[in-house]
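Some structures to go through are shown next.
Shared chain: chain A. Partners: chain B in the first complex, chain C in the second.
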Partner chain A sequence: MTSAISLTIRKYGWRYAGNVAFWVQRLTGLALVGYLILHIHTIRDLQNPKTFDEALHTFSKPLFKMGEIGLLATVILHALNGIRLTMVDLGVGLTKQRQMFWYFAIGVGAVLFLAGAIPMFIYGILNHHG
Partner chain B sequence: MASFTFRIARRDTSAVGREQSFQVELEDRMTVLDALFLIQREQDPTLSFRCSCRVGMCGSCAMRVNWQPRLACQTRVATLEADTITVEPLATLPVLKDLVVDMEPFFRQWKKVSPTLHPRDKSSKTLAVVPPNSAFGKQAAVKRDCITCGACYSACGMTGANEGYLGPAAINRAMLRLMDPRDDLVDERLKVLNNVDGVWRCHTQFNCVAACPKSINLTDSIMKMKRALLFPKKFHDKRNFVDNP
Partner chain C sequence: MYGRVINWYLQRITGAALLVLLIMHFWVEHFTTEVRAHGLTFEIIQKRFFANPWFVAVDITFLIVAIYHGLNGLRNIIFDFGWVTKPMRIGVTVLLIGLGLMLAVWGIGAFRGNPHLNPMSSKGAQIAAAR
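Here is the complex of A and B:
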């Protein structure tokens, strides 16, 4: 039964890659809007150095470092799938959109993510001081 | 012979549907449509479904088999690689009974694009020659096979939320007519397409391409029409070029 479900998901993921990509783009976009609101809200604190320092201190905690790693994944997914969408809109690779999603956005994205996430994890979380 | 469980969505005049399971023994090469006939003949004569040609050219038997829109007559049960097969009517379209849907919303959109040829010279008796290497010839070869089964309309993520959206099949037909050098209803068709519920509603989910039983790249047609609307001069020049090779 498990294999039947995984088979269905794999088949669906390939056949309906465009639909998966559509929702990835929507959800990462919403997550980025959430991040931008927090980001701009913090920058507004620059007017008051004390609260700004406090905010930065909060953001150096492991929980927020984990969030930063998540942010990296979100940005990479949104950017690479955005490139795929732009190419589709230009009429380039319309028959190769599935490969563009799984190999380019997800595959290349995973490599970029690991290249950034491993140092972030080691220096931000494992060697976290105060 | 192998045993399969068919979970079929049943619905009569009441608004609420239910699911009914049937056990059937099927030969290796039998299709979902064969199974439905077997169930109707031997287990429940009230089971309703639509079919006509049984060879994948009429488009009447489109339904959701294991959650994907397919032609029941073209779907061999063995290829589904599952013991339990869920059969539901097409999504988005109103259900009349069991697996039979009302195709009216689909054809309402189909009619909007004036799907028939409107030739310049209606009295002409000469046969038109379409060179296979012309832009239209190349497109027609791969895009004219639409059997209006509604699978793309059912799979599309936009038709469900926007009743006014033309849908992939109608836009594909409009593209074929617009590229046809014999046709003379260019501006009217472009006007229908250049609308918030026309080609611009497409969000390139490619669900129509995944669902089309005739393997038509419908999103490609939609993107071609978007470009035609963005660069009308280029589009018209191309048409004229095809007209006078």
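Here is the complex of A and C:
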């Protein structure tokens, strides 16, 4: 099982890294544009303090916290892969760009994600009151 | 510089700026002492805006840079598929600029011209004086 997985990664992982990165950047980018529009809609409520606090209360509910954790993953992927893309454009680490996708965008990204998502899950979802 | 080079360059520059602004945004809205104690509330935001005009300046900058980067990225994706040919491209660009301006005006309106966040307005002065 493990060898089958490592064989698959060895066979396709490096070959398709660029293609996977390309789609990751597009899909996360589209999702973030959608979030941006919703977010601007929410800050409009600053004109009515009561409505704004009610909105913040709604967003503290577990369902929205799950969404926020998803947002964190989306932002981290887009940002780290964006840094990788900029480095490639500047000619930094050209020969290592596939490794940079898996180790930097996915690997470092996973560590950053867990560092943020675990406290969010514990304090925002497990210990959620009212 | 050609238009496309400027477009490519600006997408990188705004991306780098967004990285810094987003980390600041995360810090301010989630990790400051007052937010950790009570959660984010309208009152916390209002106090900041009254105390320090830089908050609204940074927020509006962030808003505009994010809208530019997001919609420019969307434009790159649309054109990259190659369905939109030459004469229609200008239409898509104009449409996205229109959407961007609308979002910018909409977002800026949440801060500017909002009596609850402006200490100079009569309502803001009343709220500030009540503290």
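The definition used in the following text is that the second predicted complex is superposed on the first by the 120 of 130 C-alpha atoms of A that agree within 3 Å, B and C clash if a C-alpha of one lies under 4 Å from a C-alpha of the other, contacts with A are read in each partner's own complex, and residues count from 1 in each chain.
What we mean here is this: a contact is a pair of C-beta atoms (placed from the backbone, for glycine too) under 8 Å apart; a residue touches a chain by one contact, two chains touch by 3 or more.
Note that the structure is predicted; figures quoted are calculated from it, not measured.
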item	value
Room on chain A for both chain B and chain C (clash or fit)	fit
Touching partner for A:V88 - first (chain B), second (chain C), both, neither	first
Which superposed partner A:I125 touches (first chain B, second chain C, both, neither)	neither
First (chain B), second (chain C), both or neither touched by A:Q97	first
First, second, both or neither for A:V75, with chain B first and chain C second	second
Chain B versus chain C as contact partner of A:L36, first or second or both or neither	second
Partner chain(s) touched by A:D53 [first = chain B, second = chain C, both, neither]	second
First, second, both or neither for A:R44, with chain B first and chain C second	second
Which of chain B and chain C A:L7 touches, first, second, both or neither	first
First (chain B), second (chain C), both or neither touched by A:R15	first
Chain B or chain C, by number of chain A residues touched	C
Smallest separation of CA atoms, chain C relative to chain B, angstrom	5
Contact residues common to both interfaces of chain A (with chain B and with chain C)	89
Chain B partner contacts - residues on chain A that touch it in the complex	4, 7-8, 12, 15-19, 21-22, 85, 88-89, 91, 94-95, 97-98
Chain B to chain A touching residues, read off their complex	66-68, 81-83, 157, 203-207, 209-210, 217, 219-220, 223-224, 226-227
In the complex with chain A, residue positions of chain C that touch it	8, 12, 15-16, 19, 22, 39-43, 45-46, 63, 66-67, 70-71, 73-74, 77, 103, 106-107, 109-111, 114, 116-117
Chain C partner contacts - residues on chain A that touch it in the complex	26, 29-30, 32-33, 36-37, 40, 43-47, 49, 52-53, 56, 60, 75, 79, 82-83, 86, 89
